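Both complexes shown next keep chain A, but they swap its partner, so chain B is in the first and chain C is in the second.
Moving on to the complex of A and B:
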């Protein structure tokens, strides 16, 4: 027997990590060099949660997905053209900073407020999805705070697998310390799921899904409310990326043991 | 078949293929006519009665700003579309401030120079102190007006596409879908009724795999074909309809470039434009455009008339960068981006049928590039604008998109425009290059100065007809025994032969510094950021593998911009790695085996593919 879920996915843009990311101190605080011209991608952790949400909704007819995104409106628009082809959802857009220099509490407040205002959202069916972390903000606390703000006490973080069982129970596989997994069962929604990697590949681009999503995406973007989430009053002493070393070599048919030996030797210096 | 394996069909009014300057120009003009001052729709949909015109655009690349290039353009049509435009509103763009043409001499002595050029080099060196000669380069004292781009602009087409694409999307009037390759046009007899998208969830050979999603049929009243010089829809139209008499697409070039953060010591000002010729081979042209914020876009063009069986791009690009006249600006800089693209260099002579029942062609694939002035973006945008004006006229008049109606509106506008007039002048400008670089340059000068009345005539050979054997190429430069040894070693290892040949000819090793001069593998990662999602078929196919068996050196692999094609080990069929391909299309015209039953095409089929470059700074 399937259940109906109202799945709210919190996810937004991060600069495409493939690009040249150079931190710099701007007039309004730290940021990335040429940030506005960098292409954006859906935060990889949030992307996993969106694909998992789509899969869960597909297996449980009657379920519905909202994507709540806080980010620069222009960047959100570009992002939507890519992900709207993959998954059916209704967008709730919030126009604000998605840089790594925002305050988690403020972000959580804004997102929770937006979720409370979603028309037709049944809190008894609510599954709050998101990344357990973010590629640009790695405090890993935002989703928990949104849950607390919404009164959701069943919270699962670093989730890798969610199974909807007969009888409505949810079985959750969570990563825990020491490289181990913890299996939990809860009686159903409402609950918070902070996803780690999930198990699903990126869905293919489906033009029909894209067309259906477009009917709500553009109006949602036009209605996006301005949201202040910057770390006002704070100063950052220094921002920098860890230094990188690259020494690419193409090898073929090399046994994994040998590759492992080489890597260990390289790490040891 | 269930709903998952049967092709779905969607109806739209206008389907556009490819989002480049031509389609951007088309959509920019069209959207401005789609609503009135009050924001009410003025052009109604036929497929969705009561709704505004349904206009969709499918772009192959994973974003609308990936996989394109830095340009210098007079930008006449763009400025006309945005009369109030402050160029600096476009990211990475600025007005041209200074323009120079440099003839680069060979400081190494490894390039293949004719006795005439060697004589020229000697004369110039002898005139040092009197002539503007420094850093082994001669600055031309005069830039002919037909070559000059002043007043114009330098910009990154990637950024320009994002800039205009964001505005178009924000209008809510059109949808631009990246990451969605189109596989072919849909024909009903000689009528084009839309396009088919590529299959997803397939294996390398195209057979259905996990998550199979057959390509959707997008049926459209008008298909706007702006998919560039080797786009799959354009190719299929060429195949179906052929070319007008005496028209063909036989001249190509591979453009390869990098985007570099210039060192603080660099004194070049934003808007500086350098054009070069003469080095690393006399046939290779180079460019350097200085963009704002100490960023430069620079690279080379390797033409199809560089008669070498081991021609290549990446190593030549690095030798060009290290020429003293260029290196003086670059040393200490940092590579930000890299990319490559084939250019269709036949211009007006490569023009296909511009319109037919249900379709119209714009941009580079429609032969709009001016091969005399070396200008393409301006012309491409203009053709898009002209088509949009014609389409608006037809919709308002309630007329269908028939060949006759499109001829009367779009094609007529184009024929009366500067694009046509200047294209006609330029038509034979490059013919002389078929007979060598010196005659080519003289021919261009003649054509430019006489506005097309005079040129150096020559028969235009197909690219594969020009390629000499390795024996002929090396004659007098490498002893036969050594040449054969290099060839056999490369063959046995399954690697291109150009490295061994260039080493032997005296080209020095590139001193990789991991910052600006990096290996070809690293440039894919740190420069091109090349990606390819799973679930798509290989888009490069060797049609008659037996033809590849006896082909060596395999020029498709020598010229592959991304080492995505490697020679078959021991001389077998080349290997294609889709995950490394940057979709430059060079393999298509560098294959030296003609296709069975089609003398204008080669043994390589280059079709619609997903992935490629992911750098937004191109």
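Moving on to the complex of A and C:
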């Protein structure tokens, strides 16, 4: 027996992980050098949560997915060109800063407000999805605060597996210390799931999905609400890159046995 | 003047986790540096007296506790209710806690309830007069910020491995119980238990001296033009068994399992280090068959001594980032290392 879920995925743009980043001081606080020029991707953990949402929705007909995204409107539009071809969803766009240096409290307030205003969202069926932490602020706190604002007291963090069981129960595996999972059950929605990587690959691009999505994405981008998020009350004394240059000793043209002995001595030393 | 609360939860055996004792050191350091910074302790768990007694000599003015079977498990609803009650009861303006999975899940919500602010993954604390400054990483450990805040209460979750473990005599703590009633909604979540990931062996050992990182090269064609997966598995597992190292992996290697390619059966996303994985803390690290630059640097941020084995003498990951690069075939080297460790 399947259940109907209304899945809201929170996720935004972050710089491509392969890019080299440099901090800079702006008029309102720290930021990234050439931030708007950097190639961007959907935040990796949030992307995993979107793929898991799609899988769950597919297994439970009648379910629906919204992607709530706060970021620069132009960057969001670029992002949608790729993401929209992978998964069916309805976009709720918020035009504002996606910087890691904004305060999670302010971001949570804006995102919760947007979710509350989603037309047709049945809160009794709500599963609030997102990444367990972003690749920008990397704090892992925003989703829980949104959940609290929406009155959700069944929350899970670093989820790798969610199973919808007969009878409506959800079975959840969360990452905990020591490379283990905590196994919990929850008597159905509403609930919050902060995803780790999950177990699904990135879905292939499907132009038909992309075309269907674009019918709603473009209007959503056009009516994206301007959202002010900052870091009121925070003072950044400095933001700097760590010194990471080491003087590497290269050992080559050396017999394997000699290398092995050196490694063993180092391990035991 | 700050009022400081050190918040901790017990483990299944009733003791405090090591990371809690580290966070206690941090709290004591902050309390010691701030004028009039009184420290209270707030504990959550079942039969918490033993845990309180173990830190009775820490110098806290007050020991508060939310206690009972409902609070022995790691569950958002009960943990958030308990922590909220303890913070309210203590009147704390600064709340220091270990960044355990349990508190990482629940304290952000408590912060929301109390209209406070929160910082997690804190890697350093300093006091300038009565101003607390903390360090934390942004953009997945790629840049470090020093910051402070004006809002209170301020929740500070300290990363494991940053502060020394608090050590002191056990005593007898005078516990002040704080009563918390859980509503039915909080109990909709039931903790069933703990399970290890599907793998042939427990390969993640947070307390290991050595982190062994396996890259995608282990699953690629070798000099003879063939893939030697079984050999790779035996060599890596043999090394882990003999060296007691913890196993890390590059993203490309763990992703292969999702993409239907040849995989090492014991490898899961839990092993992944780097920007979308863990940044573990170990004294030493040995990388094998890895490639790439930026994401790997992040995974190795907190590894003190780093060595790498690669057939590429210009390996972009190793040069400038590892202390020693062995230009050699990892299959041959690890086989020999295992042989020596065995003998």
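Worth a mention:
Here, the second predicted complex is superposed on the first by the 237 of 269 C-alpha atoms of A that agree within 3 Å, B and C clash if a C-alpha of one lies under 4 Å from a C-alpha of the other, contacts with A are read in each partner's own complex, and residues count from 1 in each chain.
Keep in mind that, in the parts below, contacts are C-beta pairs under 8 Å (C-beta built on N, C-alpha and C of every residue); 3 or more make two chains touch, one makes a residue touch a chain.
Bear in mind that the values here come from a model prediction, so they are computed numbers and not experimental data.
Looking at the shared chain after the overlay, A:18 reaches both chain B and chain C. Contact with chain C, but none with chain B, is seen for A:160 once the two complexes are overlaid on the shared chain.
Set side by side, chain B and chain C differ in how many residues of chain A they touch, and the one touching more is C. By the touch criterion defined above, A:201 reaches both chain B and chain C. When both complexes are overlaid on chain A, the residue A:254 reaches chain C alone and has no touch with chain B.
After overlaying the two complexes on the shared chain, residue contacts for A:178 are found with chain C alone; chain B is out of touch. In the superposition on chain A, A:147 makes contact with chain C only, while chain B stays out of contact range. In the overlay built on the shared chain, the residue A:119 is in contact with neither chain B nor chain C. Once the two complexes are laid over each other on the shared chain, residue contacts for A:226 go to neither chain B nor chain C.
Chain A residues in contact with chain B (one complex) as well as with chain C (other complex) are 18-20, 201, 246, 248-250. Those residues of chain A lying in contact with chain B across their complex are 16, 18-20, 34, 36-39, 74, 77-78, 81-82, 85, 201-208, 210-211, 214, 218, 221-222, 246, 248-250. Residue ranges of chain C in contact with chain A, taken from their complex: 17, 74-77, 80, 100-102, 104-106, 108-109, 111-113, 117-121, 133, 137-151, 185-186, 188-197, 202-206, 209-210, 243, 254-255, 258-260, 269-272, 275-276, 284, 286, 294-295, 297, 301, 305-307, 309, 313, 318-329, 332-333, 336-337, 339-341. Within the complex, the chain B residues that touch chain A are 8, 10, 62-66, 91-92, 159, 162, 165-166, 169-170, 172, 175-180, 197, 200-201, 211, 213, 216, 218, 293, 336-337, 514, 519, 521-522, 525-526, 529, 531, 533-535, 614-617. Residues 14-15, 17-21, 23, 30, 32, 44-45, 100-101, 103-105, 108, 135-145, 147-149, 153-158, 160, 171, 173-188, 192, 194, 196-201, 233-242, 244-254, 256-257, 259-264, 266-267 of chain A are the ones touching chain C in the complex.
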